[in-house]
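Before anything else, here is the set of structures, which you'll find just below.
What follows is subunit A paired twice: with subunit B in the first complex and subunit C in the second.
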Partner chain A sequence: MFELLGISPQALFGQLLIGLINGAFYAMLSLGLAVIFGLLNIINFCHGALYMMGAFVAYLALQHLGLGYWPSLIVAPVVVGAFGMMLERTMLRHLYKLDHIYGLLLTFGLALVIEGVFRNEFGASGLPYGIPPTLSGGQNLGFMFLPNYRAWVIVASLGVCLATWYVIERTKLGAYLRAATENPTLVQAFGINVPRMITLTYGLGVALAALAGVLAAPIYQVSPLMGSNLIIVVFAVVVIGGMGSILGSIVTGFTLGVVEGLTKVFYPEASSTVIFIIMAIVLLIRPTGLFGRAH
Partner chain B sequence: MRGVKSVKALGLAAAVALAAGTAQAQVSDGVIKIGVLTDMSSLYTDLAGAGSVVAAKMAVEDFGAAAKGMKVEIVSADHQNKPDVGSAIARQWYDADKVDVIVDVPNSGVALAVNEVTREKNKVFLVSGAASSALTGDKCSPNTIHWTYDTWALANGTGRAIVKTGGDTWFFITADYAFGHQLEADTSAVVKEMGGKVLGAVRAPLNTPDFSSFLLQAQASKAKIVGLANAGGDTVNSIKQASEFGIVKGGQNLAGLLVFLTDVHSLGLPVAQGLIFTEAWYWDMNDANRAFAAKFAPQDKGIHPTMIHAGVYSAVTHYLKAIEQAKNDTDGKAVVAKMKSMPTDDKLFGKGTIRADGRHIHDMYLFEVKKPDESKKPWDYYKLRATIPAAEAFRPVDKGNCPLTKS
Partner chain C sequence: MRDNLARDARPAAAPAAAPMLEVKDLHAWYGESHILHGMNFDIRPGEVVTLLGRNGAGKTTTLKSIMGIVAKRTGSILFEGAETAGLASNRIARLGLAFCPEERGIFASLDVRENLLLPPQVRPGGMSVETIFELFPNLKERLASQGTKLSGGEQQMLAIGRILRTGARLLLLDEPTEGLAPVIIQQIGATLRRLKAEGFTILLVEQNFRFAATVADRHYVVERGKVVDHFQASEIEKSVDKLRNYLGV
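This part shows the complex of A and B:
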């Protein structure tokens, strides 16, 4: 049957694996978006720009401080997360009571500003960032050559996704967070500092984006445009998964990565469109997304 | 066609005669307005973009326009790689803003659209950034000159060199728009002509971040050569990821069909070393080029000039020379005819000619990217493998199917 479609089973497995790897990035980015939307009600359009900042912090840390890849995995999310918290404190928190559209406009504007600043400073064609020596090379799996670094990306992304899901859905801290979004006044009455918690949550979402940026740096060019190339797809992933649904964004991220990968084999011209076709269909059939609940 | 030509010649003669008494009177509103239409925000920004504006300004300065009493103004805009945006800007420039000539326009899709608008409005279009050989082929226009390079020249230079050294089976990863298709078609033709075989091709959407899926298909094809019929960020990402997936270690070789200096800079020599490709110009080839680069780089964030920047400089210089002699910038066809009638000569491209189909003819070069230890200074990236003489570098004028060359 596979041969009928013009592709051998070996090649198909290879493409499935590649799809999973790309899905890992979609999952990590859409996870951050889902956390921020679910708990803050902000459509964080500057997520792509913050992902790009994560990659740039890694690049600059290597160039100017001699910090390699592994420390950057910690440093970049912390730095960019702090930057995100500053954004939240100074700008975003004024918008919580307003319509979604205001948050969307503000963050979209921020994305353009951040990207513009980086493009002006570093140009558009990108900067090189090597694969860490411990992860260079790859394994021959028989049906494909799997670069070690890509394998690491899947593992790291799955780990981070599951940890985030666990913290928010299964721990006491997560319970506070969810309660705070449900009824902030009541939670505050119990003596919990809700505004600070919201700031930290936004910081966490942003840090996830920055972490994805560091993971992406050795694969893609560290370029001011890397975020905008990805963010629209990631938004589609969030919409398909159901706005604000954490598990939904993880599952959808990986699934759509695979779907996109398969499209690249059977009809590559459509590979940049297929996700939006699925989004349109899902919105028609289930307007709240696959995992979303109607409010 | 002969009749049309002689009418054109008459018109030109009349214009020159009229202008003789009133030196600048025929230059529309006394100002020669040059519009640099380029990519200011996306993947071609560094290889053209703001640098093309710098190059145009340097051409005007070096020409000494002010001292000669010519008023030249430069405007620029971002076409966002969208043909509709590009042609809308071109219309506005020609109709409302009195722009006389549009230069650069990287992205063949946009260039082909501007080509038609320029023909309709009878202005001048000097192409440096775009690659499609259709601009001097079946889409050729009496208002357009294609200056720096084209897909045929790239295919011919790189394709020929690679097939000669044994790379006779090819698989293409092609950018899915006018330019990529043309580059793939032109290269396939060269490969087949030389007795090689094309095993397959895959069309990747423009601005794809991840090429691994396409690279796996290339790997599975077992072709000796993976031809990258793309440009800018797409080329950079495909080369970088090809090294990650061990394409070259697995015995296949990459052929970057369109690689720019800025791409090599962005990849870094450890990844880019050994790549072979064809270009029209390199900054470190002679003293004139080095002097140009030294003056150019500080004005463009340290980016050293690419062949596109040099082409903008050279084309604008020749345009100003033609205007100086014709004393007329209102009739685009007449200006282009004048430009074709004069041999070209400037410090960057040296001596050359412009053919009836609008193709600027000059030498092309086959370069190889240096190994990291061969590079002695910043931006020291290429070594020259071969010079492709002007007579062989471009598609023969009778093979292009350009209506202008048929009488």
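This part shows the complex of A and C:
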């Protein structure tokens, strides 16, 4: 079969793996964006910058505190989540009743500021972050070589995505979140502190981005621009999946990662544009996205 | 459960009782438009009181102001003697008030069970889910349905049922009969009489004074953001012409 297609199985599975890895990051980032858009009505353009901050927190914790990869998986989301909640309390809070464009402009500005600060401090070239020793090496699967760390990234992000989906769709806390997404005024009139819930949700969304940043650090290196390289594609994923759809973000994230990988095998020239072509087609046929609901 | 409710029940409309809710010189605004122009009324524990009036008279705004949903309001709203006019709506709800909006506010992304269990308990002694199913048997059969897949009448039952669980003793109901079939209206009326018998205090907004007359102890007539008249239940028959005039029916 591979001879017929004129490609080697190594190339095919290699690109599939890269696609799954990219898809894992698309899924985790677009999931956070979807949750934030649903409740805050804000298109969080600084999501990529916060993802980058997650990677930097891990890097700095290792350099200055000797804190390794595993503790950073907790510490970086907590630190960046707290930073996000501070942003929400001091700035985003004032924009909820305004048009989306204001939130988009503010968060875009924040992204530029955050990236500028890190660029000024650390330069634009990547800083190395090692794979944790427990996950070095890999498995020879016969048809391909699977590095342990990459397998871990796929499993971990899938686990995080499914856990987030479960909490939102199947628990009482998630019911509050879904209800407040639909009608925050009424949920608050039932006695729920909706403003606090919004702050925590934003914190959770950006903590997911920071977690993705830590997972990405050993693969892509740590660089101030790592977020802006990724975030444009992630926004395309969000548009294709449907703004605000939880399951949609996860499925679309992984699927588009794989589609991108396969395009690299079969028609490499289109690999960097295929997602945007799909986005254009989806927008023409289903403007609310594949999983979106009309509002 | 029933013992519990009986113990909480207060003698209906005891004239000497201090008001449970006292609204004094309440003004409210939506943006620049001044909607309430000095509302004055009160409700004693265990009473069912209606606000009657035409569309746009300010009845719904009154309920939303009491609940803290209308942010721009002045005047005084005393609930069990405590001032609530400056509080956020979640704080007000925690004092023991519950609101059932005119549009019912059933959540489409929640199933019936989740809708029913959504409002948190604000006080001990709320109705059990079994008692709510006894009042509204339809809900029990549709627990797994999406909230907004219910019929209008079932959605109204769900909207009332879910606030009975919370332990709130003052219920603010905004036109619970609007758009419903007569048989459903009768069922809602029977429910309200039962809630009254169990000691709930109810502030009911209505345009349908025929329905209101079957459940309420007293009626306030609202016009242009003010209370302009007041009837006891016993006076309603001889005041029908006056009421028709007020309500334009």
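Convention: the second predicted complex is superposed on the first by the 287 of 295 C-alpha atoms of A that agree within 3 Å, B and C clash if a C-alpha of one lies under 4 Å from a C-alpha of the other, contacts with A are read in each partner's own complex, and residues count from 1 in each chain.
The rule we apply is simple: a residue touches a chain if its C-beta (ideal position, glycine included) is under 8 Å from a C-beta of that chain, and two chains touch if they have at least 3 such contacts.
Predicted, not measured: the structure shown is a model, and the values here were computed from it.
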item: Superposition on subunit A - do subunit B and subunit C clash or fit; value: fit
item: First, second, both or neither for A:P128, with subunit B first and subunit C second; value: first
item: Contacts of A:G241 with subunit B and subunit C, given as first, second, both or neither; value: neither
item: Subunit B versus subunit C as contact partner of A:A189, first or second or both or neither; value: second
item: Contacts of A:L230 with subunit B and subunit C, given as first, second, both or neither; value: first
item: First (subunit B), second (subunit C), both or neither touched by A:P147; value: first
item: Subunit B versus subunit C as contact partner of A:G203, first or second or both or neither; value: neither
item: Chain touching more of subunit A, residue-wise (subunit B, subunit C); value: B
item: Contacts of A:K264 with subunit B and subunit C, given as first, second, both or neither; value: first
item: Angle at the Cα centre of subunit A, taken between the Cα centres of subunit B and subunit C once the superposition is applied, in steps of 10 degrees; value: 150
item: Minimum Cα separation, subunit C to subunit B, after superposition on A (Å); value: 37
item: Residues of subunit C defined as touching subunit A within the complex; value: 67-69, 88-90, 92-94, 98-99, 101, 105, 107-110, 114, 117-120, 122, 163, 166
item: Residues of subunit A touching subunit C in the complex; value: 172, 175-176, 178-179, 181-183, 185-194
item: Subunit A - residues contacting subunit B, complex; value: 8, 11, 14-15, 18-19, 21-22, 119, 123-128, 130-131, 138, 144-145, 147, 149-150, 219-221, 223, 225-226, 229-230, 261, 264-265, 268-269, 271-273
item: Of all residues in subunit B, those that touch subunit A in their complex; value: 41-47, 49, 176, 202-205, 207-210, 212-214, 216-217, 219-220, 232-233, 236-237, 240-241, 244-246, 250, 262-263, 265-268, 270-271, 301, 303
